[in-house]
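Across the two complexes that follow, chain A remains constant while its partner is chain B and subsequently chain C.
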Partner chain A sequence: MNLERFFQEEPFAWGADEKNGILSDALWKLTEKHRKACEMYRRILEALPNGTFNSKRIDQVPTLPIGLFKRYDLKSVSPKAVVRVLTSSGTTSQTVSRIFLDKETSVLQTKALTCIMRSFIGPKRLPMILVDSQNVLERKDSMNARGAGLVGLSLFGRDHFYMLDESMRVRWEELGAFLKEHAGEKILIFGFTSMIWQYFLEEARAGKRDISVRNGLLVHGGGWKKLQSLGISNDEFKKAIRNQFQIEQIHNFYGMAEQVGSIFMECERGYLHVPNCSDIIIRDGRSLEALRNRKKGIIQVLSVLPQSYPGHSLLTEDEGMIEGEDDCRCGRKGKYFQVLGRLPQVELRGCSDVYAYGESH
Partner chain B sequence: MKEREAESMNDQNEKIRKIFADVLGIPVEKIDDDLQYNSIPEWDSIAHMALITALDKSFDIMIETEDIIDMSSFGKAKEILQKYEVVL
Partner chain C sequence: MEVLSPANVKAMDYQEILESILKREPFKPFDPVLMAFAKDVSDAVLSDRHFRGYPDMMAAAHWMRASHIKEVRERYESRRQGRIWLPRGTVVHFAPANVDTVFIYSWIISFLLGNKNIIRLSQGRGQQVNAFLQAVNGLLENKRYQPVSDRNMFICYGHEETVTGSLCAQCDVRVIWGGDETVRLIRQVPLPPYATEIVFADKFSLAAIKSKAVTISTENDLNDLAGKFYNDAFWFNQNACSSPRMVVWIGSKSDNERAKKLFWDALKKVIERNGLKEDVAVGLNRMLTGYSFAAEGLADRLSSQGTERPYRLHINDLSDRVRTQHAGGGVFLEMELSSLSLLTRHVTRKDQTLSVYGFDKDELSEFSSGLLNGGVNRVVQVGQALEFDLIWDGFDLFTYLSREITVK
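After this line comes the complex of A and B, so read on.
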């Protein structure tokens, strides 16, 4: 599938008029592709009410509950074509999602991520601090979302410094040396939200460590569910990080193992933005009807990237609200939204919660 | 091509091969232009970043993100490195 046009322009350049036709076309083609290539997907579609397939509308693209990827190996390519099996984080007793990537999908993921990240951090690779331990990367056969996130984001950095040791303690001395070496330079800091909170911020507070990263640009995500359970909002997170480390530029992101690459980045105004290559629909929890802007509901995520597994349209287990479209004060086009929390009665899950629960996948 | 240029090209070629062999932990003989990213377990995305770091350092350059992604084979790596005036 030729998706080049999705990455040739700024990832937030398309307004609704321009975007909807192109996106709908790509998503319906994907639906057809997966229907032909994945037996399980075909059977699921057949079980859906008739009429769905004559539509060209994005909100009519069939949607799978994200949890299906935990129960079934859904793939649209032969086992030989699989270059990596990505596993989502799982906690407690539940099983993890298994996402089968072929070369094409893996290349597309990187393209999308590059396109999105560069629009936030610029074209140059920055000295980079990873708020994690390098040990996460040791298992090579299959990679969890946390490891994939670290490696994926590494592309935008240089002189990578993993600031936690194998027992998740901050390497304070080495951190000091790193900051000294790169004094005056813009520094990219990446980590999962709950890990930054627990292993960096709280440690710095407890040890009264005065570390200032004034030129830091922090990108974090994946762990807000854990923070939510501690009653810490995104705003409080930002405020605490600014107070402790003087980091001004902080961008949260929302993304999932089932749609790696097409992530939603938080803008300067505090909203998550939908890039050209994906879409968001908010649905009513009972009727599953698509809701208007500023109505709370379940988040559905659509992405043109998944070629090797039928994950281009997924109903998440998260609650959110679209704030508007094409008119965010940050200047980016496309929908912008907030994630409000976890739907009740679903298990806690978030890539960076893995460690907290003492199990890694 | 003058003899000396050919020699220097060979030197650089061997230097890059050696970096690949060291970082990927495979014998130099296994590295030819057709060696593809992700085609052997040793050259995965993690090793890829380690390779970039090693190339950056050895030639005192900063390979751009897009080139990191494009570096899909050993042959391609040599081609990309020309852009950074690593003499080949």
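After this line comes the complex of A and C, so read on.
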């Protein structure tokens, strides 16, 4: 599929009028493509009421519950064409999603990510600190979301420094040396939110380490569930990082293994932004109707990147709210939104189900 | 290890309590103390406002009220036909995690027949179970019920094999309420050679509705049917072994289509009227179940693209995979057949209760006598699926929990 036009312009250049037609066209084409190529996807579409979709609207694109990727190997390419199997990090549940990438999808993911990241960190590669351990990257053919994030983001840096050792302890001395060597330069720091909190921030606090990264640009995301359970909001996270390390520029991002590449980055105003190649819709938790801006609901994510698996339209288990469209004060166009957290999960089999039932009375 | 009843004993005493229970003589069947105690438990629950929000608990208490226990006794006498039936001795019950009130029936029947009882309750039991035990413990403080207190114990522990082992080593009957996994685990623990066992494994239940009967029914009848079906299905969120998870429509094509529309619309209204709440995740899980059925090719039509409740999945074949993939929570499988007798070839030993609507007695007995491949143990009218019966899963509890002495 030719998606060049999605990457020719700035990733946040399109306003709604310009974007909707192009995006809807691409998403419906993908729906057709996957219907033809993925047996399970075809069966689902055929079983849905009004199985023949005449609509061209984006909010009518059939959407799969994201949990389906934990149950089935959904793919639209032959096993031979698969270059990498991506798995979700699976920290909070035992089952993980398995996402099959072919070359094309993999290339598109990198392209999209590059476009998006450049908008935030500029065109130049920066000296880079990864708040993780290099061990995560050992296997190339199969990778979890954490590894994929590290590999993906490392493209935007140079002189990469993995600051944690294999037992997840900060290599303080090497870190000091790295900062000294790059004094005065802008430094890109990347890591997963909960890991930054637990292994970097809390360790620095506990050991009273005075590390200052005034020129740092921190990009972090994923693993919000842990901080949510500790009751730490994005704002509190930012404040704590600023206090401890004096890092001024901090960008959270929202993304998932099921749609790598088309991530949503937090702007200078604190909102997550939808790039040209993707979209989000907030839906009512019960009726699944698309909600207006500033209404809280379940996040549906759409992306033109997934060519090798039918993951171009997914209903997540996260709650969010669209703040507005095309008018964020940061200057970027497109929808901008917030993620409010994960839906409380209900284990459906056995006693806990009866629990939920009993307690709701 | 936690001893939930009798109250005021330390956990470490459970061995002692067990020993003392084992030593005591059982009651005679339907001893006046037993009857009085059952009545008092029933009264205590029915008069306590706290239980109003738990229809399952209310139903259990209703089942235990004096007038019904009297009926139970009459049934017992008519089955006994003058023979000598005595309690078997000590019955160990392993209650299920998914249906909170089953242990009450299991216990009370065994209790009325004179047996001594040890009941292992799930760690995941609901608050209403604790409230129930509180009521029981309150009654046991009465001196009059000391003999009851001496012969019944409710406990809760993880699945420690040593505890299960010591409970099973000296019992006379073991009653296991499934899942299959629990049954498999507990079955590995030996019983004394003389002991017997009643096992209730995972079951699947369904409803068969004669479409013609729905299409000609008045609006009142239809609402009544939907209301009864609602109770069968939603009291335990479809998790009781006898709650219907599937509806089979029996009739001509056109009748089936019309009946479906009428029935599901009526059921939707009942759900709305009852204001049955659920977490958003339950609805999303329904959708995930539907999409999974479709992806696997088990269902060829879904009633909704979203999270609709009831969520209907149309199937053409009732396979074992279909049974195990069903996760409750307001999902209904749906199939059509031209006659009830055709259903026999779809049922297996996994199937327990068939709730029916619109069939006459002859049709039902003809169908039931054709059930040779092990499936379906109960055929009841819609609305009675959850009613506990003295014959459960094909076991006559009177005979399984009694021993007969032949005198010639």
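Definition applied: the second predicted complex is superposed on the first by the 339 of 361 C-alpha atoms of A that agree within 3 Å, B and C clash if a C-alpha of one lies under 4 Å from a C-alpha of the other, contacts with A are read in each partner's own complex, and residues count from 1 in each chain.
The criterion applied here is as follows: a contact is a pair of C-beta atoms (placed from the backbone, for glycine too) under 8 Å apart; a residue touches a chain by one contact, two chains touch by 3 or more.
Given the structure is predicted, the values throughout are model-derived calculations rather than measurements.
Q: Touch test for A:R125: chain B only (first), chain C only (second), both, or neither?
A: In the superposed model, A:R125 contacts chain B only, not chain C.
Q: Just chain B (first), just chain C (second), both, or neither: which does A:P344 touch?
A: second
Q: Which partner does A:R98 contact after superposing on A: first (chain B), second (chain C), both, neither?
A: In the superposition, A:R98 touches no partner, neither chain B nor chain C.
Q: Which partner does A:L315 reach: the first (chain B), the second (chain C), both, or neither?
A: The second partner, chain C, only.
Q: Using the superposition on chain A described above, determine whether A:R43 touches chain B (first), chain C (second), both, or neither.
A: Only chain C is touched by A:R43; chain B is not.
Q: Would you sort A:L137 into first (chain B), second (chain C), both or neither based on which partner it touches?
A: After superposition on chain A, A:L137 lies in contact with chain B alone.
Q: Using the superposition on chain A described above, determine whether A:H273 touches chain B (first), chain C (second), both, or neither.
A: In the superposed model, A:H273 contacts neither chain B nor chain C.
Q: By residue count, which of the two partners contacts chain A more extensively, chain B or chain C?
A: C
Q: Now for A:S154: first (chain B), second (chain C), both, or neither, which partner does it touch?
A: first
Q: Sort out for me which residues of chain C touch chain A in the complex.
A: 53-54, 97-100, 122, 124-128, 179, 236-237, 239, 277-285, 287-288, 290-297, 299-307, 327-329
Q: Using the touch definition up top, name the residues of chain B that touch chain A in the complex.
A: So the residues of chain B touching chain A come out as 38, 41, 44-46, 49, 53, 56, 62-66, 68-69.
Q: Give the list of chain A residues in touch with chain B in this complex.
A: Listed in rising order, the residues of chain A that touch chain B are 83, 103, 106-107, 110-111, 114, 118, 123-125, 137, 140, 151-152, 154-156, 158-160.
Q: Any idea which chain A residues touch chain C in the complex?
A: 40-41, 43-44, 46-50, 62, 64-65, 67-68, 71-72, 74, 285-288, 298, 315, 317, 343-346, 348-361
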